[in-house]
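Each in structure tokens, the structures are laid out below.
Each of the next two complexes has chain A plus one other chain: chain B in the first, chain C in the second.
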Partner chain A sequence: MQYQSQRVAKPYFIAAIGLFVGQILFGLVMGLQYVMGDFLFPAIPFNVARMVHTNLLIVWLLFGFMGAAYYLVPEEAERELVSPKLALAMFWIFLVAGALTILGYLFVPYSSLADMTGNSILPTMGREFLEQPTITKLGIVVVALAFLFNIGATILSGRKTAVSLVLLIGLAGLAVMFLFSFYNPDNLVKDKFYWWWVVHLWVEGVWELILGSILAFVLIKTTGVDREVIEKWLYVIIAMTLITGIIGTGHHYYWIGTPAYWKWWGSIFSAMEPIPFFMMTVFAFNMVNRRRRNHPNKAAVLWALGTGVMAFLGAGVWGFLHTLAPVNYYTHGTQITAAHGHMAFYGAYVMIVLTMISYAMPMLRGREAANSNRSQVVEMWGFWLMTVSIVFITLFLTAAGILQVYLQRMSENPLPFMVVQDKLALFYWLREITGVVFLIGLVVYIASFFVGSREPEASVSPAPAEAGA
Partner chain B sequence: MSQAFTKAMARNIFYGGSLFFILLFLALTFDTDSTLPSRDNHAAITEKVAMGKALWEKNDCIGCHTLLGEGAYFAPELGNVYKRFGSTDAIKAFIKGRPKNGIPGRRSMPQFNFTDEELDAIAAFLKYASEINTNNWPPNIQG
Partner chain C sequence: MDMHIKTTEQPTRPAQRRYPPGDLALWIFILAELSVFAVFFSAYAFTRAQHVELFSTYQATLDCNSALANTLVLITASFFVVRAVAAIQRDRSAETVRWLWLAVLMAGLFLLIKGHEYAHHLAAGVTLSTNTFYMFYLSLTFFHFMHVILGMLVLLVLAVRTRRGHYSAAEHTDIESGASYWHMVDLVWIVLFPLVYVMR
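Then we have the complex of A and B:
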């Protein structure tokens, strides 16, 4: 670690992992409610468990992105953060506001929460993923602005690299697109149309810039490949992201009252959205193969390669499966969507945050470059348990989805929703069991922070180039 | 990637390409906005429908149901529930009749204790939603 102010990343990473645990626990609650409908009813109805599950995901990923930015930017800009104190203050504000919001979901009926927080003054609540009280949303804007100021001022007054500029564009885009969460017209079609400007243009737009930038940073550090090469790849990847992904928003505009031409725009452009993800996979493997040195942190390299593969599978392949309008006509709003959502979020965003944590945390905890071998082995067990689990969760949900589509929408005598749900119970049980394995993987992953910490750092074996010379 | 293709060229593709597609997206948005009045059933948005939408949001109905295919996949699609149930009265009766403590072993909608005025509003909102031109989605009445 070269700069003192990079230390502010540490609480962000710890909070991210803590909230991740909460997200998974509530995922298991929901998974059980799918097969035992009265579980925790009426204390924690499904919609409450779901908003806790999805909101915790979003918040912990944001903590991860912010931590990553605070760690990465000083090294890229070659200067200390403009204000580490502001970064720490924002950490506590964000954590307390986030915790209060989650407690509000759990302990107050949602409609009372809306009344208590004055939702009727500026109604923004009750829309998927944007369930936060308006006042929390305003708090997010304040935190985002303070964060952007801190990061932006550091980058612009220091060395400007492609990595840090792309990160800044991604983070600024994240903040700007979030502003559309305040637009909630009575017209349902317009509401949905602009709701996607937050949701789609986040995860299939600006977040990919953040992902690309963090991946490029970790690859520069762990492979020693020339920055020029890596940054060229980064630009090409994110160019393809926005070229395909912006008009690709159209794949959400097939059936919500928007004009029929979106079926063409959406199908054609979103069919190309896997391209940048495929390039990311090729990029990660290419750079590791061309490495100039062997980095002792093998776990971080594994996470980086895993991100490339799983983002392509989850976001790319599973997205493509149901993105063409004639297919989507049958799959829209089924377990197919859920399957895609799980692997895409894990493969792209969970894994990139864990990549960064894996790379940075050893240094933040006083190591030279890497954890001990024992710690890394445990971490890699966590990697495989979680990654294999999410693959199977996705496969089981996909099976459930195909069956659902057939029974409810394609067969001679389409069956009612709830009748079909009963027939899918086997797959929901398998998903739930796999979810428990995921939780075990997460526990193993967390254990890796506590094992082998008194053992010496993993050592470096000579790089292929050096060994061959 | 070959040496002839430089980082500066890649950067220019990023900035140029992004700008072009942002502008194209804005143009399509503008066109959509001017086409919507013929499709979005906005004439039906009365005060009651607006109240229904506010109640829909205030009770986080989207956390279990889908509406025009978007939302959670735990409970039935409601974009066409007016057509499936056949009347606003049937919708109101269903919401009103939910048991307070659920149904043993099964998924059940909570009892929200809505007033008659609120029930009217929610049913009116769902009727309005069912009359939006959705390019013929969902494929059948089951949603």
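Then we have the complex of A and C:
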């Protein structure tokens, strides 16, 4: 670690992992409620579990992005953060606000929470993923502004690299797009239209810039490939991301009351969205193959490669499956969507945050470059358990989705929703079991932080070129 | 089309021949862009096959003369870009700058003519929702319009940087990359023009 202020990343990463555990636990509760409807009722109804599951995901990813930025930016800018104290203060504000919000979801009926937090003054609550009380949303804006100031001032007063500028554009976009969560028109079509400006333009727009820049940073550090080469790829990838992703928002506009041309625009542009993800996969493998050195942190390289592959599969392939309007006509809002959501979020954003944590955490905890061999082996077990189980969760949900589409929407005698849900029980059970395996993987991953911490660091084996390969 | 291919190949002298010219990453980008257009063109073709009468009726309302003029304007711009690349290969920066500015001028002329066409459609109350033909016509041409703007900005930046002495006969990858991108913008129009304006 070259700069003292990079240390502020550590609490962000720890909080991220802690909230990740919470997210998975609520996922398991909800998964069980699919097959045992009254499980934990009335303490934690399905809608609350779902809200906590998705909100925790978003919050912990934001913690991860912020931690990643605080670690990455000083090294890229070649200077200390403008204000490490501000970064720490924002950490605590964000954590306390986040925790209070989740406790509010769990212990107060949602409508009372809305009353208590003055939602009537500026109504923003009640929409999927944006359920946070208005006051929490304002808090998020304050934290985001302070964060952007800190990061932006550091980048602009230091060395400017493609990696840090792309990251800054991504983070600024993240903050700007979030402002649309305050726009809550009475017209339902307009409401949904702009709601997607937060949700879609985050995950299929500006977050991809953040993903690309973090991946580029870790690849520069672990492979020793020329920055120039890596930055060139980064530019091409983000250009393609924006071209396809921005108008690709249209694939959410098919059935919400928008003009018909969105069926064409949405289908054509979003059908191209896998391209930047595919480029990212090719990019990651290409850079690792051309590496000038073998980095001792093999686990971080594994996460980086995993991100490339899983983001392409989850976001690219599984997104493409149901992105064309004529297909989406049948699959809209079925388990196919859930399958895509799980693999895309894990493959793209969970994995990139874990990539950064894997790369940075050893240094943040006083290592030279990497954890001990034993710790890395345990971490890789965590990687495989989580990754393989998310693949199976996706496959089971896809099977459930295909069956659902057929029974409920395509067969000669379509069955009602709940009747079909009962017939999908087998797949839901399989998903739940796989979810338990995922949790085990997560526990193993966390254990890797405590295993072999007194053993010596993993050593560097000679690079292929040096070994005469 | 022939002319286009000829123009891209012509200036590369055997001694410096590097294939493809410019940056490889840019070529990946060009391929990706072309595939978006290809999907759009196919969608147009398949939809037209189902509504031939509708498409023919409204195709007749388009201004073919303006489009033909614009085709010539773009091809001329490509020619100027080719001259610019040839000039920098001979280390003649001042000449390169002149050719690039002429290309920028042509790009601007394209935008003017096309803008005039749009103004006409707007005045007639045509929107994306008027009918399927206009939806395709406006989407395809506007998407291309945005590319002309981008290509023009690229050429503009290249002109300024050449003037500041960034490029020479030994190192002018950026100019080749920019030229390749511009030729793509031109190529797309050369497909778009007959497909949307002419073919009945």
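What we mean here is this: the second predicted complex is superposed on the first by the 468 of 469 C-alpha atoms of A that agree within 3 Å, B and C clash if a C-alpha of one lies under 4 Å from a C-alpha of the other, contacts with A are read in each partner's own complex, and residues count from 1 in each chain.
We take it that a residue touches a chain if its C-beta (ideal position, glycine included) is under 8 Å from a C-beta of that chain, and two chains touch if they have at least 3 such contacts.
Quantities reported herein were computed from a predicted structural model and do not represent experimental measurements.
**Q** Based on the superposed arrangement, let me know which partner A:V309 touches: chain B (first), chain C (second), both, or neither?
**A** neither
**Q** Once chain A of both complexes is superposed, is A:I256 in touch with chain B (first), chain C (second), both, or neither?
**A** Touch status of A:I256: first partner only.
**Q** In the superposed arrangement, which partner chain does A:M279 touch: chain B (first), chain C (second), both, or neither?
**A** In the superposition, A:M279 touches chain C alone.
**Q** Counting only touches as set out at the top, which of chain B and chain C does A:A271 meet: first, second, both, neither?
**A** In the superposition, A:A271 touches chain C alone.
**Q** Report the partner of chain A that touches more of its residues: chain B or chain C.
**A** In the superposed model, B touches more residues of chain A.
**Q** Figure out whether A:S111 sits in contact with chain B (first) or chain C (second), or with both, or with neither.
**A** first
**Q** With the two complexes superposed on chain A, say which partner A:W233 touches: chain B (first), chain C (second), both, or neither.
**A** both
**Q** Using the superposition on A, tell me which residues of chain A are in contact with chain B and, in the other complex, with chain C.
**A** Touching chain B and chain C on chain A: residues 232-233, 235-236, 239, 243, 259-260, 265.
**Q** Can you list the chain A residues touching chain C in their complex?
**A** Per the stated touch rule, the residues are 232-233, 235-236, 239-240, 243-244, 259-261, 264-265, 267-269, 271-272, 275, 279.
**Q** Report the residues of chain C in contact with chain A in the complex, numbered from low to high.
**A** So the residues of chain C in touch with chain A come to 23, 25-26, 28-29, 32-33, 35-36, 39-40, 43, 128-129, 135-136, 139.
**Q** Help me check something: in the complex, which residues belonging to chain A touch chain B?
**A** Residue positions touching the partner: 30, 33-34, 36-38, 41-42, 45-48, 50-51, 110-111, 114, 119-120, 123, 125-128, 131, 162, 184, 186-193, 228-229, 231-233, 235-236, 238-239, 242-243, 246-247, 249-250, 252-260, 262-263, 265, 329-330, 332-335, 337-338, 408-410, 414-418, 421.
**Q** Report the residues of chain B in contact with chain A in the complex, numbered from low to high.
**A** By the definition above, chain B touches chain A via 1, 5-7, 10-11, 13-14, 17-18, 21-22, 24-25, 28-29, 31-32, 35-36, 39-42, 45, 49-50, 53-54, 56-64, 66-77, 100-108, 110-112, 128-129, 132-135, 137-143.
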